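Down below are the structures I want you to see.
Paired with chain B in one complex and with chain C in the other, chain A is shared by the two complexes that follow.
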Partner chain A sequence: MAAYMCRSFYLFTFQQRPRTCLLRAAPFAVYRTYSNANAGGFWEKFSFGKHSKEPLGTQLPEPEPPVVPMPSSPPNLSYNPPEAAELEAFLSSVVRDAYSTHTGPEDWRCQDVTSEPGRTRLLARLARELGRTVPGSQLHEMRRGDDVRRFYSIPVRDKNRLEQMATKDLPPNIKINWDYE
Partner chain B sequence: MTGRATASRFLQSVLHNGLGRYVCQLSRITLAFSKGSQTSRGVRDYVENHVVDFAKKHQGTVVYISPRRCHVPKVTAEYLNGGTKVVALNSKSAEEIAQVITLMANQSGLDVVRIRKPFHTEHPSIQGLWQPFVNKRSQLSPRIAEWKGAQ
Partner chain C sequence: MAVGMQGMWRTIASLGKARTHWGLCFGRRLPSSQASYSSLWQRGNLEIPRPIVSLDKMDEIESMLLRLGTCEVPISKPFVPRQAWLESMRDYDEQHLGLVDLHPDVFGVPPRLDHLHQVVAWQRNYKRISHAHTKTRAEVRGGGRKPRPQKGTGMSRQGSIRSPIWRGGGVSHGPRGPKSYYYMLPMKIRVLGLKVALTIKHAQDDLHIIDSLDLPTADPQYMTDFVRYRHWGDSVLIVDINDQMPENIVKATETLKTIGLIPAVAINVYSMLKYQTLVLTLPTVRFLEKKLLWHDTRFTPLYPYHMPYRDIP
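Right, the complex of A and B next:
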């Protein structure tokens, strides 16, 4: 009983091995009763391994092949800022909403964006709307509204120059092999 | 080591190139480099900025650009006479690489070894080489006359 519990049971339940190894890991003792002679006696209440114990594998469904989650494609890191005037108008409204200030039209640039909870609200909303998050290495630079405006006006190029060559018009005698081994 | 021990060849051009139109002997050139390695920096610079100009200047040459994982970036030149030449470009700048590639484009596929004579001709003699019966009366050599008549 103990031998039966240790190896085959462990193999099946914890390691999801294919069925071939289960057939090898049969219980060490299987007693088959071919006659019904002592079927109803006192001692027959206790099995002692007399009944053929089928491996648990035949009762449970077949193990399915492991599902490996496909890696998602890398996020698109390119960022094209909107027009300068549009960006400033948008930023001024967002800064005012985040800090609930009703100041003059140009004061959003001088607005101090280091105080919470306005800072989180502001940066989270900008990340969501414009599609570019301020990276941790540059968070300390975001001190005033003008810093935020400068950050969001810089475009980011995703492709490296080699991949850009695929899109340019190349002369017919250039052949690029894109399989990177 | 003397010149006798090293390889040498006679002056020649491939199929009398230059007698008529000059044909660039470079048939294809392959640039193998790594996308991220430090040693391939010059090659990446060359590929991004200069290779298109080279291709436009040498329109009879096919330029293969193959980025692959390698430590040593190489350029392989294959010529019309079947000769190949491989040059390693690790840690070269884009200008140096341009010089190497221009050199390869100007070469033919013939080996770069010592040339025995700086001249070569298919017809060393126009009027015939001197032999002892030249300018002698023909009675001295009747049998030669017969032999030449029989030919």
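Right, the complex of A and C next:
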């Protein structure tokens, strides 16, 4: 009984029998895989030193510099008018230059600013020097020098409260979160 | 009208900028279009010291302003034209090349928001064909035989397994498509819709007029930087008179989703409200004024307008 469990019996039953030499028959069909079938084999899961470790994010292409770059950041839309007396003095000189009039000191307010080419000259120069353009919706309302003075005496605030707060120095326990979550 | 109008109210934030008085309309015109003086509008040589624009360009712009700066269609007194700055896209800072007159009966009409809503709803619906289609009990496959006897089974009496109360049965009052939602608004309402849209764009400072579509480069980045620099808004609709446009602007705006480029014949109220800013070339402004103002003084057609006429602008 114990003989059946001896080593020779084990070797006889479980060892492989000698193979007979078979003629290798030519395959009757060749299977072509057009997909990446063999690349996903079992051993391909293990890359033995094929890929060296590189940190991600180093191969992004750098953005090319723009062909015609912006001169500076977009101009600020906020407008703080100069002092009333200063503004009036400046406006009177500009109106007189634009319309080439030699009138009294207060007549520039009644000056009619609707006729060309003085109108374009006047409004373009004011836009350039004061930093605020008369918008298209209010251009037809600029009829006299006084209308122009009233327009340029109104201050304009560009930023809302949150953006104003962002520019100031905040205490360390207040942080503004700009992202939507 | 009330529900759809809410969207319209949101797009039209404040008309207070234009300081129009809705209740005091003089006929169909606004008091802001009137003037109390009687000076003549004259055009002469522009002598603005502008080192940015070269002299030959200045001559071109000057001649363009002489030709197209004033309205071709006469403005009856006492109404005065609206105005807008003539700008350019050649450089970031070319913003004040001149002043352009805009006809008050196109760019200064009373803001009829109801007509605007009608036109937008018409534009969305008149092309719509709904293909929704359901089968009735007669069309659903099967259901010819009485499933069980009338009496004796203790269950409800049924005549067909495809009746609407059965699962898998036909739909009694479902859509029977295809269905067309085509209708046409009167031509004058559509024209008024365009006028109101142009007026509102001008009144809210979302209208800009440029001399031509010349760009220094075909780089889309230049276009986005330019729009941001000029504070033109999130989306821009650029309209030219021809459909043949310079190469630079076509290439620059091709890949950009927020900047649209269309010819003048394609202008419509829906697009004008969809894009935040409207940019027109000067010839386009005159073209639109001529086309839209003709309807104010035309007669009823003797035969439909889609047939050939010789004297329509």
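Basically, the second predicted complex is superposed on the first by the 95 of 181 C-alpha atoms of A that agree within 3 Å, B and C clash if a C-alpha of one lies under 4 Å from a C-alpha of the other, contacts with A are read in each partner's own complex, and residues count from 1 in each chain.
Following the convention adopted for this analysis, a contact is a pair of C-beta atoms (placed from the backbone, for glycine too) under 8 Å apart; a residue touches a chain by one contact, two chains touch by 3 or more.
As the structure is a computational prediction, the values presented were derived from the model and not from experiment.
Of the two partner chains placed by superposition, only chain B is touched by A:Leu162; chain C is not. In the superposition on chain A, contact of A:Val67 is made with chain C only, not with chain B. In the superposed pair of complexes, A:Ser100 makes contact with neither chain B nor chain C.
After overlaying the two complexes on the shared chain, residue contacts for A:Ile176 are found with chain B alone; chain C is out of touch. No residue of chain A lies in contact with both chain B in one complex and chain C in the other. Residue ranges of chain C in contact with chain A, taken from their complex: 17-19, 32-33, 35, 37, 39-48, 50, 80-85, 92-93, 95-96, 98-99, 202-205, 207-208, 216-217, 219, 221-222, 225-226, 228-231. Residue ranges on chain A touching chain B, taken from their complex, read 160-162, 165, 170-171, 173-177, 180-181. The touching residues of chain A, when paired with chain C in their complex, are 66-71, 74-75, 77, 112, 114-117, 119-121, 123-125, 127-128, 133, 135-141, 143.
Contacts from chain B toward chain A in the complex involve residues 35, 44, 47-48, 51-52, 55-56, 58-69.
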